[in-house]
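Naming follows writing order (A, B, C and D), and every chain is counted from residue 1.
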Amino acid sequence: MTIQPSLALATLIEGYRRFRENGWTPRRERWAALGEGQAPQIMIIACSDSRVDPAQIFDVDPGEIFVVRNVAAMVPPFETTPGFHGVSAALEFAVQVLKVKEIVVLGHGMCGGCKAALTQELYGTEPGEGGFIANWISLLDKAREPIARELGTKGRVAELAMELAGVKVSIDNLRTFPCVQHKEASGKLRLRGAFFAISDGILHLLDEESGEFTALT
Amino acid sequence: MTIQPSLALATLIEGYRRFRENGWTPRRERWAALGEGQAPQIMIIACSDSRVDPAQIFDVDPGEIFVVRNVAAMVPPFETTPGFHGVSAALEFAVQVLKVKEIVVLGHGMCGGCKAALTQELYGTEPGEGGFIANWISLLDKAREPIARELGTKGRVAELAMELAGVKVSIDNLRTFPCVQHKEASGKLRLRGAFFAISDGILHLLDEESGEFTALT
Amino acid sequence: MTIQPSLALATLIEGYRRFRENGWTPRRERWAALGEGQAPQIMIIACSDSRVDPAQIFDVDPGEIFVVRNVAAMVPPFETTPGFHGVSAALEFAVQVLKVKEIVVLGHGMCGGCKAALTQELYGTEPGEGGFIANWISLLDKAREPIARELGTKGRVAELAMELAGVKVSIDNLRTFPCVQHKEASGKLRLRGAFFAISDGILHLLDEESGEFTALT
Amino acid sequence: MTIQPSLALATLIEGYRRFRENGWTPRRERWAALGEGQAPQIMIIACSDSRVDPAQIFDVDPGEIFVVRNVAAMVPPFETTPGFHGVSAALEFAVQVLKVKEIVVLGHGMCGGCKAALTQELYGTEPGEGGFIANWISLLDKAREPIARELGTKGRVAELAMELAGVKVSIDNLRTFPCVQHKEASGKLRLRGAFFAISDGILHLLDEESGEFTALT
């Protein structure tokens, strides 16, 4: 092979070799069957953050979760304007093609995207220099307003409030999609909010009735 | 807890409990340190497909890879039009904020998104009924044209050609971002194409010189 | 192997591999001995329902329980009409050939068969379209009548009454078999009613004197 | 409780207590979710024999397999004659109500039912004295004929041939059900033959093309 592996790539290749030995070979029938097609029952929308891999946190087998990852686990609302709507395409694929039964929005602690939404420090920067992030997290603007007013824009208390609010924003936006509305009303689809607090490793689930996140014990 | 767990959610909760016992508790120092911040050196752009989880395929530790996942592992080109540019925001975060050294685009076999790009069967459907997918995978239209002409639009030969071409499209589009151009030119960033063939579990790496994907042995 | 494993089959094969490693290999002497013949002391008649596996609920070793499973844990009465009498054949095998000392009829909560007996919603459908189920659960018709009259045909109260009554019907029908009558009279065989309430995981035993089911504590 | 536990019942109660501690409590969310309903993807038809519990051999979780067990894992053909058709009712429930994707017929070594089919030693006995068994295993009569002629009616060679042939008889009979025919033809249902050789604990899968059973390695 003429590919010059960097240290980073070498790390990935080593990991792939461990996967071949421990993750693939002992389960080759499952992988062969997965070659025929996927049938996940769950879609997870999570952050791109390197610390919150849903497959690790939920210890799932290959084939079990259909995953979207972007900055801050955002779902833009249903919009038919021009442009590429990546989350909408994935949502459509999961709900209409794969017919998943559950969508989990997974927020997390120490989220850089939520922090930037709160401080608005990147607002006004050029695309490529911070402007894309600023534009993306403006999805949180409306939820940010009462938090900034009451808790300020700095410190863990305000940040945590922003992170938890972000999960609710994505769930609300999911419900702007007609196909989600119909399937949720008929009991074919459930939406869940979850939050992973990185440093203590505890998962919380959103109780939509009370609006509270409860730690799983 | 007043949350009524479905069977799908119960499966996730059980997986989380295994993670707590086997993945978190024995590594609590690492997790506590990760609570301070992330410093991944690698960004991976992969498909939402349930069978191609990068953290599983590369057997990485938490904190090592910053991950974007969408239908067909697509990267739209640099565009400053209105609308939410989710991949651009994530790219900007990875390259400008986290300063990753490597970006890997990971395609895979039996990709539903690539297949739909090839057959164009969803073209003309309404948003929410397939239209979002159709619009998203139109990113592959230009690469599709010679494949459809020479290999047709059905069967594994044409599909595989589309899947491999998709990886190259995303790498080409990454290079339309000025920040990627600058960092690659100065040796601070490398782009890689990779392809995971699900059923035989083999990873291939793109040799950009020859344009060929080579199996890792 | 030329067999194409589906995902479902792959799951079974993986489970079998765990069984080989954890359930068979460490107990190979027991298995070798079981190869010589079985000598269970207990017969269990349970529902086909995927949630009420007797070997799991009673955590038995291989070779300990002889098990019949069908819709709603039914025992048809002693009848010598033409046709295939599957439960009668199994009962005869257990009592006359294996000489078990105990027969347990295990009912359970949320039983689809009992519910269908109560609502009679499948009555009148064609064989293959619901007619076989309707015919089979007509075994509960007589026990259903007072329940439907007093508690109605919908809701958990009536359903639970039907589920508990179903256990008693099967025990009554067991006693229509002459061989059961003789062995029970001479103390060589005991009949037991039991009920597993799935969601709280509690087992109840029937006290035939009072007719009540008592939770095991 | 006024129930007098025999030694056999005491064994079951002890096992239930272990299940409560190790099988129920650590998985209480799963059990609570299962309380809402079952959604198994697999139906298994197995023998009542105490040594071949499918949940043990395939190490499945509660809720994964819908199980019919009777003498010799038999499926009578589609028949609309009077009488109680227990297997047909269970098949209808699995295929039409639960919409399972896979049906596995699991035969096994040292099967008392198959042996009795081969020797016909119970033929002519009264119902209750062996007549029910004789009648039930007459389902194997046609498959027995060439075996008895070529291999005789005694010894492991002939018995094994009868056991393997029994699996094929049940699969053939499954295909006499119109709903099975339709679903198999449209790819919504797969039928599998399997065989568990008790003393060496090895599972074999039927390759329907060649008619051979192949050991899983």
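FYI, contacts are C-beta pairs under 8 Å (C-beta built on N, C-alpha and C of every residue); 3 or more make two chains touch, one makes a residue touch a chain.
Computed from a predicted model, the values in this text were never measured in an experiment.
Contact with chain B and chain D alike is made by no chain in this entry. Copies chain A and chain C of the same chain sequence form an interface built mainly from non-equivalent positions, shared numbers / all numbers used being under half. Chain centres here are Cα averages; for chain A and chain B they lie 14 Å apart.
Averaged Cα coordinates give chain A a centre that lies 43 Å from the centre of chain D.
Among the residues of chain A, those touching two or more other chains are numbered 31-32, 34, 36, 63.
Interchain contacts close the chains into one ring where each touches exactly two others, per the touch definition above.
Shown are all chain pairs that touch, namely A-B, A-C, B-D, C-D.
Of all residues in chain C, only 4-11, 13-14, 17 touch chain A in the complex they form. Note for the complex: chain D touches chain B at residues 26-27, 29-30, 32-34, 36, 39, 63. On chain B, the positions that touch chain A within their shared complex are 1-3, 6, 8-9, 11-13, 15-16, 18-20, 22-25, 28, 31-32, 34-38, 40-42, 48-51, 53, 55-60, 62-71, 74, 76, 78-94, 96-97, 101-102, 104, 109-110, 112-113, 127-133, 135-137, 139, 177-179, 190, 192, 198-201, 203, 205-207, 209-210, 214, 216.
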